[in-house]
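Pasting the structures here.
Each of the next two complexes has chain A plus one more chain, namely chain B in the first and chain C in the second.
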Partner chain A sequence: MMSLSCLRRARKAAAFGVTLALTLAPAQPAFAYLKFGVRAGGRQVTLRWTQTPVRYVVSDASVASGVTVSDFQSAVGRAFATWQAVPTASISYQFGGLTGALPGQEDGSSTLGFRNRPEMDRVLASTSFVVDMATGALLESDIFFNSAFAWSVTPAGETGRFDLESIALHEIGHLSGLGHSALGETELREGGGRRVIASGTVMFPIAFTAGSIAGRTLQPDDIAGISDVYPESDFNATAGSLSGHVTSDAQPVFGAHVIAFNPNTLSMVAAFTLNTQGEFSIGGLSPGPYVVRVEPLDDADVESFFSAPETVDFDFKVAFVDRVIVVPRGGGSGSVDVKVVRK
Partner chain B sequence: MGRHRSNAEPAEHATPWSFLRTLRALRALFVVWLVVGPVRAGATVLLPADLGELSADARAIVRGRVVAVEARWIDDRRGIDTIVTLDVESYLKGALGSTLQFRVPGGELGRFRSIVVGAPEFAVDDRVLVFLGARGPSVPYVLGLSQGVFRIARAADNSGWVVTPPAVFPSAAAARIVRGDPSRRPMALADFEQRVRTLAGGGR
Partner chain C sequence: MTFVRPAPLVLVAAMCLQPGPARAQSPVPPGTIDAALGIAWTAAQPLGSGDARETTPTGSVFRIFTASTTLASATVVEGRIGLRMTRHLELLASGSYGTPTLRISLSGDSENAAAVTATERVQQFTLGGGALWYLGRWRTGNRLAPFVTGEAAYLRHVHSGNTLIQTGRQYQIGGGIKYPLIQRNGGRLKSIGVRVDVRAVLHTRGLAFDAGVHTSPSFGASSYVRF
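What follows is the complex of A and B.
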């Protein structure tokens, strides 16, 4: 039951026109093709900012060892600028000053800053949202960086310290409405432990080893995602899409990871089958030929992608579409049916 | 464009050999690009863990059924987390009582819902196996956000209980984790627990 103070807080929230209710449809995938799906007003909508520039503030209430507030502001500013520089996307951002508030405190401002959260074990940073339940409009999104870890803001990175700009780039992708991408793979280390060995996206949810600065560069999957959510005026007329569905023994497969690989550009963009029909759709593709691969998300971390992991089907082998699919300029591929076989 | 057919096995009878050779080359390029290509972007939210690390780091490893999920205000009522109450079936490591509570970030309070990307969600009657950390007298927390949660479900053939998602066990030698590997399947609960107990040093 809500306390009186909670109710007062609810009224306060309503007073500034904000419905402080976060919603991602339960039993639905939290992340619909690189984008957050929001159940709002009785319908599924894409979580996105409706007004730009997106205004953000930086917290000076907490710092991490070796990183001043000015360092922090500069690093996240560079990460915002990287997203803003995507030529096919229209999103922009604006620094709104410093605040004494902490990220994660729902106050109507999108706040970035450090917090000391040692209990957030193995979590370098995290993004949270405030959404208008009636419209699905994104009203606030905060990013906290865990000061329990060692951070770097130097141009070349520092051994043993995580690159703030790289992590910020990932989190700002979330702030902008992008979910995680599964374009990456890991390996077991000799003698124990696990590490990322490759990734085709900034939005891969698992960190590279401390010291790497490779995550400062957006990849085609990230660019397709942000452009699909915030298309420049001619983007939909120039980009194409690839869609279809995945089945096994004539039954739809839920949660299959579908990758479109362009052999001309060596780019990869991916999505998941996200409904009970096993349908997928990959938008924001450069026109051209694509090799299509379907794989199960059976390498752990499924809850980084789906809020209802028990619904995800892991029991099938990798499959390729047995022809090259041509994605046309400004149009769709036609339905691509992929049949997979059980392990 | 019409509909396209695919299969896990090459469909040689349906496609010219020359095209198949080309397609196979493209597939190979696809895989090579992902593994050794120049693009190594990343560095994101989580530090990855294998089950050996989780087992060693855990203050308690417990199997049980969720009997309550209750969100609460934190941070001077400016944030939300959730207390999950577990009716304990068995401890694989440590012992924190027959009923156990742990917390996860985010949650729903009345008209408010706070979502933390990647945080696990629980519902009453969920049957789970969780790896928990604890600092001092505070409420325990799940290790590695969602990495420390394994869901227990009926096997597809109803032959018993299995653990999902497929777990990542430590390896004596470096080894890629390959999606679609036939050996990567939900594991029988008893087998999973036996391996975890071994990794945890025989804790009960």
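What follows is the complex of A and C.
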């Protein structure tokens, strides 16, 4: 669980807001499927909605060129429906109508809308939160889409236009309390930024290129994440977890990206080692045998991900664990000790 | 990884070849029971392979690495009870236990991770039944009894620490011979002998990562007593 501190702004003593952005190309913080966390009432709690359905409204104050309000409402409605359809998660959403308000206004309503922000030339969309600091409960979450970019709402996508449904699906993951995932491959672009080669999660922080509609489908990492935050009644009894720690030369490795691969379902779910003991934990896994792969974080800007980037260890080779790890139903794998080798 | 030790098979084969005292053999009557205990060696069974993959912007697949799964060759202990129904037909109840190794070979990593084979020793149980048919016309001499057999069994794989159980079905078809080493005309114990056979083992589910049928050859040797 990571605390978010970016763009913090006080509304009142009991609440604060944070913003997450889906970027066009720059290296951005990459969280493996993670729950956001906040310190509330002196303790660390998972950022989540405590009451569902989550009610949202759609702004008709401003829409992007080529997108009608009806198109916009339909696209985000499909994205909400995709998250709601996850059978192992209990979260639900409810369309509350149109509004003339713009996203980003702390008005008690979760508003999705366009704003024209040409100066944010690498930000396609972003999500902001208002959080009750006494309980850690989400009170409001707004999503803004940058109308400075060209958008598409057609079923097959359009060349040169970003798919609104795909981007909305990612932002609604944030709205629901999920962080970014690092299950993706990128390459550096000439002139800066990164290009996505492939992604294994909707919550990868960098968008597919314009024209792609490949981001409309939730991946196992996304499903594990949303199910972990909002488990259906029997989810915790049926799903399992995999945990352990990563070391090199008997020293803990911080910031290692750990992937659990199920050869039965071919699914990948991942996490990072997030403490000074090099410990990791991956929850929401379907029971079965797994193989574990560990890699340094090399597809994202680490400085914007970890609050103490100098502690992140990149100096080790990608490695597999040489034993099959069994994730039991409703339980943990037992500690998986991963020893990596320096480059 | 478990390899078969050849000694028991060689011993059994030698015992089969050794001629016993010539004695007229009467047909085995219905109601006779054969109880057998022995070992079987089963060759490695490929259980399927698949890629860890991500999606490219065009929707095509980007492979991160490939995982190929095999249940390594193993020797299991097996028991079998047969009830003679007719001169040729015997109904069987059988069970087996072994600890084969699950092997997942990981290769072709997109970031050049060294290829590794991840392993786990699992417990394997089967419990089932079937039929055995004695091939009267293929008999050579009075003692050698060739047969064909078919069995179906419930298959249970138990992972380390009893943390996870996977179930499936196992089928065996094959044939072999029974050879009595000791025969008695009177008394409850009618004979003691050896049985060797060759089978095709087919299994579905269990550790398999698909719903397909996975086949491998198997060789069995056991001792039996006939009541």
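For this structure, a couple of remarks:
Here is the rule we use: the second predicted complex is superposed on the first by the 293 of 343 C-alpha atoms of A that agree within 3 Å, B and C clash if a C-alpha of one lies under 4 Å from a C-alpha of the other, contacts with A are read in each partner's own complex, and residues count from 1 in each chain.
We adopt the following convention: a residue touches a chain if its C-beta (ideal position, glycine included) is under 8 Å from a C-beta of that chain, and two chains touch if they have at least 3 such contacts.
Owing to the predicted nature of the structure, the values given are computational and were not obtained by experimental measurement.
When both complexes are overlaid on chain A, the residue A:V45 reaches neither chain B nor chain C.
In the superposed model, A:N264 makes contact with chain C only, not with chain B. Contacts of A:R293 after superposition: both chain B and chain C are touched.
With both complexes superposed, B is the one of chain B and chain C in contact with more chain A residues. Of the two partner chains placed by the overlay, neither chain B nor chain C lies in contact with A:L98. Contacts of A:R329 after superposition on the shared chain: chain C is touched, whereas chain B is not. In the superposition on chain A, A:K317 makes contact with both chain B and chain C. Using the contact criterion defined above for the overlaid structures, shared-chain residue A:A150 touches neither chain B nor chain C, since it reaches no partner. In the superposition on chain A, chain A positions 183-185, 196-200, 208, 212, 214, 217, 219, 259, 261, 263, 266, 268, 291, 293, 295, 317-324, 326, 328, 333-334 are in contact with chain B in one complex as well as with chain C in the other.
Within the complex, the chain B residues that touch chain A are 1-11, 14-15, 19-20, 23, 26-27, 29-30, 33-37, 39-50, 52-53, 57, 73, 75, 77-79, 105-106, 109-121, 133, 135, 138, 141-149, 151, 153, 156, 164-168, 170-182, 184-186.
Across the complex, chain A meets chain C through its residues 183-185, 196-200, 208-209, 211-214, 217, 219, 259, 261, 263-264, 266, 268, 287-289, 291, 293, 295, 317-324, 326-329, 331, 333-334. Of all the residues in chain A, the ones that touch chain B in their complex are 2, 5-6, 9-10, 19-24, 26, 30, 102, 104-107, 118-129, 133, 162-163, 166-167, 170-171, 174, 179-180, 183-208, 212, 214-215, 217-219, 222, 244, 257, 259, 261, 263, 266, 268, 291-304, 307, 309-310, 312, 314-326, 328, 333-341, 343. Considering their complex, residues 50-59, 62, 64-65, 67, 69, 102, 104, 106, 109-114, 116-120, 159-161, 163-164, 166, 207, 209 of chain C touch chain A.
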